[in-house]
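Notes follow once the structure below has been shown.
A, B, C and D label the chains in the order they appear, each numbered from 1.
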Amino acid sequence: MGFPMAAHLARAAVPGDRTLVWNRTFSKAQAHAAQYGTQAASLEEVAQADFIFSCLPTSAEVDELIARLRAHLKSGAWWIDCTSGHPAAAPRQATELAALGVRFIDAPVSGGVAGAGEGRLTVMLGGPEADVAAVLPRLAFAGKAVRVGDTGAGFAVKAMNNALLAATLWATGESLAVLARSGVELGAALEVINASSGRSNASENLIAQRVLTRQFPPTFALGLLAKDAGIALDMVQAVGGSAPLLAQTAGLVRGAAHLIGAKQDHTAALKLIEQMNGVELK
Amino acid sequence: MGFPMAAHLARAAVPGDRTLVWNRTFSKAQAHAAQYGTQAASLEEVAQADFIFSCLPTSAEVDELIARLRAHLKSGAWWIDCTSGHPAAAPRQATELAALGVRFIDAPVSGGVAGAGEGRLTVMLGGPEADVAAVLPRLAFAGKAVRVGDTGAGFAVKAMNNALLAATLWATGESLAVLARSGVELGAALEVINASSGRSNASENLIAQRVLTRQFPPTFALGLLAKDAGIALDMVQAVGGSAPLLAQTAGLVRGAAHLIGAKQDHTAALKLIEQMNGVELK
Amino acid sequence: MGFPMAAHLARAAVPGDRTLVWNRTFSKAQAHAAQYGTQAASLEEVAQADFIFSCLPTSAEVDELIARLRAHLKSGAWWIDCTSGHPAAAPRQATELAALGVRFIDAPVSGGVAGAGEGRLTVMLGGPEADVAAVLPRLAFAGKAVRVGDTGAGFAVKAMNNALLAATLWATGESLAVLARSGVELGAALEVINASSGRSNASENLIAQRVLTRQFPPTFALGLLAKDAGIALDMVQAVGGSAPLLAQTAGLVRGAAHLIGAKQDHTAALKLIEQMNGVELK
Amino acid sequence: MGFPMAAHLARAAVPGDRTLVWNRTFSKAQAHAAQYGTQAASLEEVAQADFIFSCLPTSAEVDELIARLRAHLKSGAWWIDCTSGHPAAAPRQATELAALGVRFIDAPVSGGVAGAGEGRLTVMLGGPEADVAAVLPRLAFAGKAVRVGDTGAGFAVKAMNNALLAATLWATGESLAVLARSGVELGAALEVINASSGRSNASENLIAQRVLTRQFPPTFALGLLAKDAGIALDMVQAVGGSAPLLAQTAGLVRGAAHLIGAKQDHTAALKLIEQMNGVELK
């Protein structure tokens, strides 16, 4: 995700500004520099930026990154974290960075690699109103950017969005498995569902392209979807809420990650549904 | 639903053809005739039509209608049933009508009263290929019409579509209830979800308009959604399938119908989620 | 089941009475005769009995049996069906037999092969009060026999009992999988649970003996448990009820039957839980 | 719970030993002293005990108690916490107390007020083997006491036990609601289930006495059951496990606590099932 996102940041940079890129694998940063005119930099160098963007698998990796950068951070800087992080991590990270004069904004994104490439990601921002307003003009990769609340609210909405992705994906998979066993042609069924009230992003954009084609191209990992559905469940617990359907979904998706493989594409979760129904979705 | 659908049939009628309308309450048929140039007719008269369209709450009412019309039906006619019927009823009804020389097509629709008014309903058809091809040009109320399989397949896909409507509606309601308890502004959350991967027809078109406004306008009854989710569950049972998420959904929606009221709009199911979370979605 | 049950009937027979046994495989009936002093008989002969006991996999096999026996049945006889049958089948079967002067009692049993051997099965009877009272003294294999309602009520309670067996078995399996991943010793955990408020027949008598030993001895097939949980779900549907937990259970157990194997012992359902948790229960 | 538990501790005390009791409401401690020959004491006094027993609603109250006692604790003492605590709290509490020379054992109990009165509680202990062995002879209120693992394992098993209580209670409630709608007599149904494979502590000891009698005597609060089912769910999350049935249960029970009332007896959760089925369990 970070690769195309950083490209948009570079394109939007005002003359005189530099766009530094860092990656665990330095050659990837160099490739980015060669392709987009950015500069491959060390962690110490990126720590000196005015606007730091991070996009990592989980909040745990962000914690590690903060630990490595903290000695080098510049007071007055902004840290915009695009990770699908944990709402409980955000206030802690914000407090830690505030002590160094750095303002933390949680700004997870939705839209996938394709949306990142086209610069039309949806960004959900959490943080004080003025801080969010200050970073909004900098989100060159965004098609839509909305403040949804205070620190952590961005992560919260992203987790719930992905829990809904999991629920719609799974429910649609179940419905197709039963239709397949009933002798209905799945392509036709999906076509009308996508023009009807049961449609969702999962039915419109994921299942026809990734499941019925049997390709399951690995873009967003099943293990990360299970992680996000789990964050949503942590939120339910944190507020003493009741969400039995999302709770079941989290359990099933986690089960699929164990049984099918956490590194498979998230749509491969439907392979567990296939095995539980003795049928193939095609 | 039938009122605007019949209006489209009348508009599309070739010169010389008559469009007869019947309703349990004769004055409704007369009002239709006055408004659209159709003819209010008795059951005996409509039984003589070349193309009979029915759109009733459940297959049970269609069975009653067939019983009342059977003595008057014309051999060579077509019966197109737009009811959200039961897949198990269709083969039985088709066989019964075939004995009278009448061909039965299951052709349930999606799109609601609004879609019916604009003549852009989605129609999912079940029946032999040639029969479906013969009636396709007659579906003047359709924006999209697709044959999904043999007799009963239309009902099957419609039931699954509505089960998915129930699942997406309920899951989105749970996510908003937890976000509300977490202090997130629901309008903003819904705005970004609707531009993200967790979006669905329920999140895009139902919740903002019907739930957050607290209006719950009664168009599609909660009791009928529970009925359809139940038909989907009957299908799971009939094929020995496994659909634990749809199964839970059917149970929750049926529970909401008992607790909130079967005649409420289907989106009022979320009032049960509100009560189970001690929060209001607004 | 039928083998030891018939042995008890033979033991309890009054002098002069004969106990006829029939089996699809005649040599099994002969073995029973040799061992217990019963008489291996043809279907035509057993059809002439005063009290006919049947114990088959599903109501479908009972329907077949009735079809084969009907020409030979004796007016005034009783048909006691110990099958875990379908509540919807019972009134139909009772009506069909009543036309021949034969009274049908649904009398499913619980207790397994062990309970059958010891003559302490629990029998749940459905039928008119006087009819049930008349057959009660004949249930020589029963440790407990209770009339639970009219025709079909026996099947209904048995289906719900087995749905509860499925739910307790599955829930306990989930809890042990998570405890195993948490590093808790399962034998000790099960010991205290069995002395605490979360205990059930599944935790007390099934999991320690069949799962933790890794033996899963095939007595009651997983496919039959899935069938019974499905009958319970049919009942929910038939009365317009709401049972989301039993509904999910039915889906999971059916999924396990597809994925693990319908002929495995019912406790092997927990192998799916193991695979969904990446852990072994031992 | 603590009242009768402390009575057993006093009865079992060796001559010369004192049993000190403390309660937020001092008069309760005085009443205990008058009735059982214990001594009502201040927090500072009980902090000096060799064996400290705590039994509070949640781990949060234990944290508060540790904070209030810490300045007064005696090195070499034991702290046995009988709270239904959180497994994640135990290692933290153990570490904090170890720094003061005090050994912490998690020792939650099952058996209710009745079991406490009769001194036959089940105690599930977590902690180092030697430490558990040292406190075992002191558990005068126990009918059974088993070490289930290291620090926190006791809380873990208790949480899972109560999650199973919730699941069996809810599932049995659903089955009875559907049987009631099917016209089956619930007392008879429960009688045979309790002699069959679907039985559980919930079906045998709770529903007949508390639900069918419509008394719902408030002993163990619904809010605490929801809390415990939530702890079980936290455990699922902590180990990346899959437990969709327990997850749904936690959601339903939490929903019942919001809708029916957290202070109602835990069996009153079934009132939500009744409302979702339009039927009363009696």
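Going forward, a contact is a pair of C-beta atoms (placed from the backbone, for glycine too) under 8 Å apart; a residue touches a chain by one contact, two chains touch by 3 or more.
What you see is a predicted model, and the numbers here were worked out from it, not measured in a lab.
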Interface residue identity across copies chain B, chain C - same or different by half: same
Cα superposition angle of chain C on its copy chain D, in degrees to the nearest 5: 180
Most widely separated chain from chain B, with each centre as the mean of CA atoms: D
B-D compared against A-D, more contacting pairs: A-D
For chain C paired with chain D, centre-to-centre distance based on mean C-alpha positions, whole Å: 35
Gap in Å, rounded to a whole number, between the CA centres of chain D and chain A: 40
Euclidean distance of C-alpha centroids - chain B vs chain D, Å: 49
Residues of chain A whose C-beta touches two or more other chains: 236, 240-246, 248-249, 252, 254-255, 258, 276-277
Sites on chain B touched by chain D in the complex: 244, 248, 254-256, 258-259, 272, 275-278
Partner chain C, residues of chain B touching it in the complex: 226, 230, 233-234, 236-237, 240-252, 254-255, 258
Of chain B, residues touching chain A in the complex: 87, 110-112, 122-124, 143-144, 146-150, 153, 156-158, 160-165, 167-168, 170-172, 174-175, 177-179, 181-185, 188-189, 191-193, 195-203, 232, 235-236, 238-246, 248-249, 252, 273, 276-277, 279
